[in-house]
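Read from first to last, the chains carry the letters A, B, C and D; within each, the first residue is number 1.
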Amino acid sequence: MVNKVVKNADEAVKDIPHRATLMLGGFGLCGIPENCISAILKSGMTGLTCISNNAGVDDFGIGLMLKTRQVKKMISSYVGENAEFERQLLSGELEVELIPQGTLAERIRAGGAGIPAFFTPAGVGTEVAKGKETREFNGKIYLMEHWLRADFSLVKAWKGDTAGNLIYRGTARNFNPMMAEAGTITIAEVEELVPIGTLDPNSIHTPGIYVHRIFQGVNYEKRIEQRTISNLKI
Amino acid sequence: MLDKTQIAKRIAREVKDGMYINLGIGIPTLVANYIPKNINVVLQSENGLLGIGPFPLEAEVDADLINAGKQTITMMPGSSLFSSAESFGMIRSGKVDLTILGAMEVSEEGDIANWKVPGKMVKGMGGAMDLVASAKNIIVAMQHCSKEGASKLLTCCTLPITGLRCVKRIVSDLAVLDIIPGRGFQLLERAPGVTVEQIKNATEGKLFIQGEIPEMVL
Amino acid sequence: MVNKVVKNADEAVKDIPHRATLMLGGFGLCGIPENCISAILKSGMTGLTCISNNAGVDDFGIGLMLKTRQVKKMISSYVGENAEFERQLLSGELEVELIPQGTLAERIRAGGAGIPAFFTPAGVGTEVAKGKETREFNGKIYLMEHWLRADFSLVKAWKGDTAGNLIYRGTARNFNPMMAEAGTITIAEVEELVPIGTLDPNSIHTPGIYVHRIFQGVNYEKRIEQRTISNLKI
Amino acid sequence: MLDKTQIAKRIAREVKDGMYINLGIGIPTLVANYIPKNINVVLQSENGLLGIGPFPLEAEVDADLINAGKQTITMMPGSSLFSSAESFGMIRSGKVDLTILGAMEVSEEGDIANWKVPGKMVKGMGGAMDLVASAKNIIVAMQHCSKEGASKLLTCCTLPITGLRCVKRIVSDLAVLDIIPGRGFQLLERAPGVTVEQIKNATEGKLFIQGEIPEMVL
């Protein structure tokens, strides 16, 4: 079998060129490829286009890649809570394309499913619709949206096996499964890498066919943005 | 005039047994606290969960379990987890019965503006445009007027639109109103102590008033 | 909680009207809603349009509904191995619409995901393309295809809970998850109905929001079409 | 002339380590039997499985585990199960490295006809149109001529088309040929004992022959 297992994040990302288009999984800081982000910071490629629902915070996640000026363009649905982001955007250093979250998810899904374009009602009548084809189906207006694909997709899963099969955990799944499918090269970092045959084939979230490189990550911080606590169990 | 908690309480009365509901950030999130115990609903979090439970105890906190506001949460029995594509698939196909969200402005046609203020840092629309474009039933929680006293219930929205002709009902600090095509804002209930005259003055868009307007029950 | 649990298949299908459009899960005879099919045979509604990848065999599955002349139209990708089907088709009693399997799967998925139309390369230059809009994206020609939805979707799962969450088993999953999502009313029959809170939320294939009625089926035959056996373990 | 088993054996030599492969019904299914032990591939079944294993032992037979030909199968270690939508998603997006299928006719442009014969009962195209429209690399296993001796490698297909300009290579009972845009069928190998002249006579479409044509190794 062709070996998909790489030693670590440094090895996994080493051939990402300058000006590559990347997808990075995660919603907020939940389910982000922490190890790959660290490796990108170290290896210093620049001019990156990053497709990710959010842009991290000032000192974690994609926010760190913004600080090092490695990102030329962000394609996201929500980019709040990030002062450096705001500064670069206002100064014109950073391009930003904002896409409705469901459209973003579906465009990535379409990329991985070989569907070059589809129609969605989200954004009709808004500035998102500018320059886009609209069409009526059954009396309702829809926008035509195109697939999104990436040179490299960086995803984070809970468990993975050496064949590249992935299982996510909780709401850390979010954008990871679609991004895994939409990458020309997909790199998966997992909390636990297990031997082939260990995972239940019926419970796999991302079939191994989509994953080109896999490694067991280290030192997961899994930072929490809003630590909300109940005082008593309801 | 209602405070935020009271707006949430009033909206909680719109919730019916068995509903699947998406609650936006802010006042809508508070609604969950006031749903009667005998009414069982399933709360959807668009980042990939059906069955949001209460905030966790200190020992239960799990970084892999957050809601769309990035708050740590728990799961109710019978929950299911899924991808963002699946999540917005169920939103677009109308499986979510009720969407409750905030607004900066609503027009008499039901247009809503809640994502962008020109001149201010744009944070993005998140899932709001998908939700308003597809939800079967949208209730808006909002302040009737700005701090400066300008009406937010308008003939036409002045801010960039999030979605067209989608809002069905508004619960503001002053009133409960439905949006009826052609009629505009139909006044249904007054907040305790608020007069119809006050609501008229605070509503720039077309206001439709029929018969006696009762005071709302909280 | 609104009760989704019904006693049996008879109760589940009793309000299906004549001339309804149904989706029926399964690939061949694998993963078909056996109990619902039996109940439809008993309750006798006619003029049905059935969307299902296959049409069963002469004496099992949808083949039985053909024998009783309850089906006006089949929408499928492959309808071999069925003599009664062939007879009705040639005599003009039965309408048939053949759709490439991937397009069928994606049209149903689109129905459940609120996507009214999308583009696929399957069928370009063939008779499937007749009357359909074509469009070029990135130098390749695609056909525009529309969503499929059903009045009632009849799906079969392995396990289900009282909230309607479903888990399929093996390749019996096939068309069932998309059909569950594309039904105005979705009826799920399961081999084992378990209490709410029993299934792992991370392993659910069909979230309960899509399922309106659920019951534990009885007497599953699970007939095998091609019983192929190895003589020795490889 | 090759028999079916020999065609399968010859095609097995096209298989490279690490490939994801979709095998059609008939001769293509036989290919799995001749892949060398030191080459590991993953077989895709379009009804929702990556990792088809051998047929089950009597005691292992499971009605919930079949391939696209509806035969009972087993799963290899590292398998994954998924829906038909997911399955054709991976086919359309080019993740399957190699597709091997049968054909009734192939044209010199690479068009393929393999689903319908006018006047005969139509069974449907199943997944064939999706596969040929999207596969990166399609090898066709077929008879060079009909029982009546008519060529099946044609200038233009006479039967209803399954897909346009998609076939890359043909392994017939007489020869191995590539389809080269503009050149037509490029002859690569002869079946043992078959002459170039025989292949010429059996090929109605444009045949491109360059240099010495070796006999194939099985």
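The working rule: a contact is a pair of C-beta atoms (placed from the backbone, for glycine too) under 8 Å apart; a residue touches a chain by one contact, two chains touch by 3 or more.
None of the values given here were measured: they were computed from a predicted structure.
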Q) If we look at chain C and chain D, which chains touch each of them? A) A
Q. What is the chain whose Cα centre is as far as it gets from that of chain A?
A. D
**Q.** Length of the line joining the C-alpha centres of chain B and chain C, rounded to whole Å
**A.** 36
Q: State, to the nearest whole Å, the distance from the C-alpha centre of chain B to the C-alpha centre of chain D.
A: 56
Q.
On a C-alpha centroid basis, what's the spacing between chain A and chain C, in Å?
A. 33
Q) Where does chain D touch two or more other chains at once, residue-wise? A) 49, 81-82, 85, 88-89, 91-92, 134
Q: Among the residues of chain C, pick out those that touch two or more other chains and give their numbers.
A: 106, 113-115, 120-121, 169-170, 202
Q: Note which residues of chain B are touching chain A in the complex, please.
A: 45-49, 54-58, 61-73, 81-85, 87-89, 91-92, 111, 121-131, 133-134, 160-164
Q) Inside the complex, what are the residues of chain A that reach chain C? A) 106, 110, 113-121, 135, 137-138, 140, 142, 146, 167-170, 202-203
Q) In their complex, what parts of chain D are in touch with chain A? A) 17-18, 20, 40, 42, 44, 49-51, 75, 77-82, 85-86, 88-96, 134
(Q) Considering only the defined contacts, which chain C positions touch chain D in the complex? (A) 27-31, 53, 76-80, 86, 89-90, 96, 98, 100-106, 108-109, 120-128, 158, 169-178, 205, 222-230, 232-234
Q) Touching chain B in the complex: which residues of chain C? A) 1-2, 111-115, 161-163, 165, 181-182, 196-197, 201-202, 204, 207-210
